[in-house]
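Shared chain: chain A. Partners: chain B in the first complex, chain C in the second.
Moving on to the complex of A and B:
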């Protein structure tokens, strides 16, 4: 009787242990967070103390602690974005490698560069059109580049005037030969 | 005692520089050459005076005179002598004195070498250069003096910042400073040309050569800085878009734009105003860069108010900017273009596209670098822009620039027909497609890699074709052998072919950069002794860790690992952690097996002596990393070819002042 009881008890203990193991298994399923997982998150963070060093490669103790914090959060099932949000909330958005696209960062990092470059490109081409001489052909149809401002402004040219080969002037090779003909 | 002499010498230099400026102004006003010559002599005398001041600091450093605050801050008794000497630029006050030393050297050199050539400009050069020198001497003598005494003399010093004890760090700052300070001379000549109403073409040659030399040093500084980061900082990279790095990249970009657009001015007499603006911009970015590096203004706006030099630098930049803008507007008639643009498809247009792209890159870097200031001013919260943001924004701009780098040399002045341009482009374009197909077969399927390699290969093909065309033209017309033709080609137009070598250097670097940026692999694993990690075709076996004392207060923890590739033993690596126990500052020194195709690079992240033999390693596989350094060397050699002074004989025959520019113009 006692023996049966104890064997029943044993069975209960074994069953309980099994259930506990299973439970533990699900709870700690996230436990195999690798260093690479941690670094993947850390590389998008900059600690506020060590200037401009990404968190994944920073050697200080403070940064090592932060990486442990990331590991803990990941093992509790947090996603990469969750962790980043957490750090931004706790330490300010200055810790994020990619500043969020709103407010000042949207204006300074997106709107000003994109609009600025687009506007500059527009002005640049308008400026080039303004410079673009309507009588451009005159220079070329003069036959000899000797009329061109290049030689006009520089009377003492060290090399022979390329005018002799004006028919092939447009040809690159002849230009090289002209320049080399000493 | 020696230090007092040094300080007196520094004060004398300050006074002499003021005298030089005043005397030059009087000389100009009275049109009296005696005052001008006196001003020149004063400028030259500033040089030995500053040398004396610097020697006094070096003497105090070497003899460990800790009664000086600066010596206490940056050195300690147990430091080796060479580090004590280089501690001259190891802290703020010392590096500002070093700035003064270089500036005085450059200005004196310019006085002595250019006095006869540029006599009419000289009084104005003295005025402008002295303004900068006076400012820096003022800062050194009264605001951030390295001669400040401590009330109580400590027994030992603080020691040099460990990051600065690496050989790379010993030469990297002087190179950057040489570049920075070098740009003050072209600025002085440009302003002098405006003020003296001699903004013809004379100043541009002097300015161009100086700019090229300063640019050479700055390039060298940037490349060495990258190498130092890779070898010492232990994060697997070479450029982190750090504000301090950006501060030296920005003047480099402005000067690069100038070195290109100045060719339009020499050839076509166009864009004089624009070139003047670029010189002014370079100078302002240099001063801003020096200030940013020194004041810590980026990390916090509040550092600005705390740093003693902040407001002074800000004031100086404002004064120089207004000064430059004033002279550019009053002399704007002299800066008019004498020519018009003939075609959108011409060399001069290509240089303009180049300038547009470089200035766009500069503007983006500027905004991103100073974003923390905007953020803190407007939201009160600190902000920061990480490297990935820079890379995303700048990749298309750099891609376009590299493409232009290949195509632009094929265009001709005035105009180029699309047909002919197309004809010279087609074969290199197809060859580059061949490279891409090969990569595709090898398994690279993502479009950024394929596009990146296509652009770089295309440009490389075009640049090599430029050499080939020149060589074959010479071989045909002169019957020279290929090798002779190649050498004579380079000798004949060193500026152009030096420029092409620089392009080739950039392209070799670009191959490496595309590969590393897009295909770097990394992993981090905790290993027990005997265990291994795998990365790509590499396997790394962890053997042991030893801990021992190094020089000074150094404690070294060194791991011993074996690297295998495809199962074959390659090399034993020894990544280590260096801990400076006095400041408890750790450094992770990587160890790598470097080959032409890739670097296997590893760092010891952590070692726990308590848990016996367990250590955490991080390993990187950096493809084509060596191409970046090789390209850097070609880049520097190309700059040397372009900047090397003409031989005396050649100068006598070829270089009549006005004919020199167009001959070397394209």
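Moving on to the complex of A and C:
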């Protein structure tokens, strides 16, 4: 009985020691936050003072303070998303390089550009279609009334009516040239 | 014989007209693509106009009403012992609203003057409110401790206050009279003489 108790105690001590080792390892790992870890988060944030300067490359004191804050939060076990959420809450969503797709950000950064591109594509398509459509139809007499709609739809080359004399043919050619010239 | 050659030339027409074929009854057929394009154009213009209106939100100027806001004070730097307050709660008192930051070098030139003015005028009902802009809270607290600042201070959460006042940088100070009207805006550090004269001017109103 005593032997069983002592072995249980030993097992409990060993388990506790293992848990303590694991926790210590985790804490040790979190203390070892590198500049790359900090810059990985900082690259998704903008400097609060300079225009459009990512936090990871900004040299101002304000940015240095923010990077130090990131390091502190990471060392306390915060994830990258936790840090970004904190900064958005504390300093506004304007500091985020990738603002959430909702509200004004959704309209300005997504809906307007997509609508603009779609509209431009539609206008371009219509313009190109108008460019290729025939601008003038030349209706010639002498066509057979029994032409099928398919045949009638295809523009025919203008041709002189049967029995045209040489002078009339010349006159016809000059008029065709005039038409083409217009 | 020449009359046998007939030409019919169509002149270019507007896209709408070209795309609106005439039905037998003489009514134009509605082309939904055309309607969609025009709707999209008007929608885009409306969105752009709305965006421009927001972008050109006017900076509050002297003589205009000071935008209201809510602040959550730093621990130990509350106003009348309250953890949070609105500017409207301070109506009836002149307010010196100072934007600053611990990383701001020029702010250091005016902090002593602000504290001295606070000590001088706090019994006359003048409210001093420091707003830490884009600052890290421990640094703000350390700065205030280093300079021995005692007047109410709060962080600019979400930069809502600085956006409402459209500040151009720090330090920047708004003098708000008893009626909630902006009486003066100081861009850059303040000195004791300027502070004195501006506060006196608000007090005699």
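Simple rule for what comes next: the second predicted complex is superposed on the first by the 104 of 182 C-alpha atoms of A that agree within 3 Å, B and C clash if a C-alpha of one lies under 4 Å from a C-alpha of the other, contacts with A are read in each partner's own complex, and residues count from 1 in each chain.
In this text, contacts are C-beta pairs under 8 Å (C-beta built on N, C-alpha and C of every residue); 3 or more make two chains touch, one makes a residue touch a chain.
Just so you know, these numbers come straight off a predicted model, no measurement behind them.
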item	value
Partner chain(s) touched by A:116 [first = chain B, second = chain C, both, neither]	both
Partner chain(s) touched by A:108 [first = chain B, second = chain C, both, neither]	both
First (chain B), second (chain C), both or neither touched by A:69	second
Per-residue touch tally on chain A - higher for chain B or for chain C	B
Partner chain in contact with A:59 - chain B first, chain C second, else both or neither	first
Touched partner set for A:94, first chain B, second chain C, both or neither	both
Partner chain(s) touched by A:46 [first = chain B, second = chain C, both, neither]	first
Touching both chain B and chain C, residues of chain A	48, 60, 64, 92, 94, 104, 108, 112, 116, 136, 139-140, 158, 171-172, 175, 179, 182
Of all residues in chain A, those that touch chain C in their complex	48-49, 60-62, 64-66, 68-69, 89-92, 94, 104, 107-108, 111-112, 115-116, 118-119, 122-123, 126, 130, 135-142, 158, 160-161, 163-164, 168, 171-172, 175, 179, 182
Residues on chain A engaged by chain B in the complex (per definition of touch)	34-36, 38-39, 44, 46, 48, 51-54, 57, 59-60, 64, 92-99, 103-105, 108-109, 112-113, 116-117, 120-121, 124, 128, 131-133, 136, 139-140, 145, 148-150, 153-159, 170-173, 175-177, 179-182
Residues of chain B defined as touching chain A within the complex	234-236, 240, 242-243, 267-270, 299, 337-344, 349, 352, 356, 359-360, 363-364, 367-368, 371-372, 374-375, 378-379, 381-389, 393, 410, 412-417, 420, 424, 469-470, 473-474, 476-478, 489, 492-493, 522-526, 577, 586-588, 605-606, 616, 618, 654, 656, 658-659, 661-663
Residues of chain C touching chain A in the complex	1-2, 4-10, 12, 15, 18-19, 33, 36-37, 40-41, 43-44, 47-48, 51, 54, 101-103, 133-136, 139, 155, 157-160, 163, 169
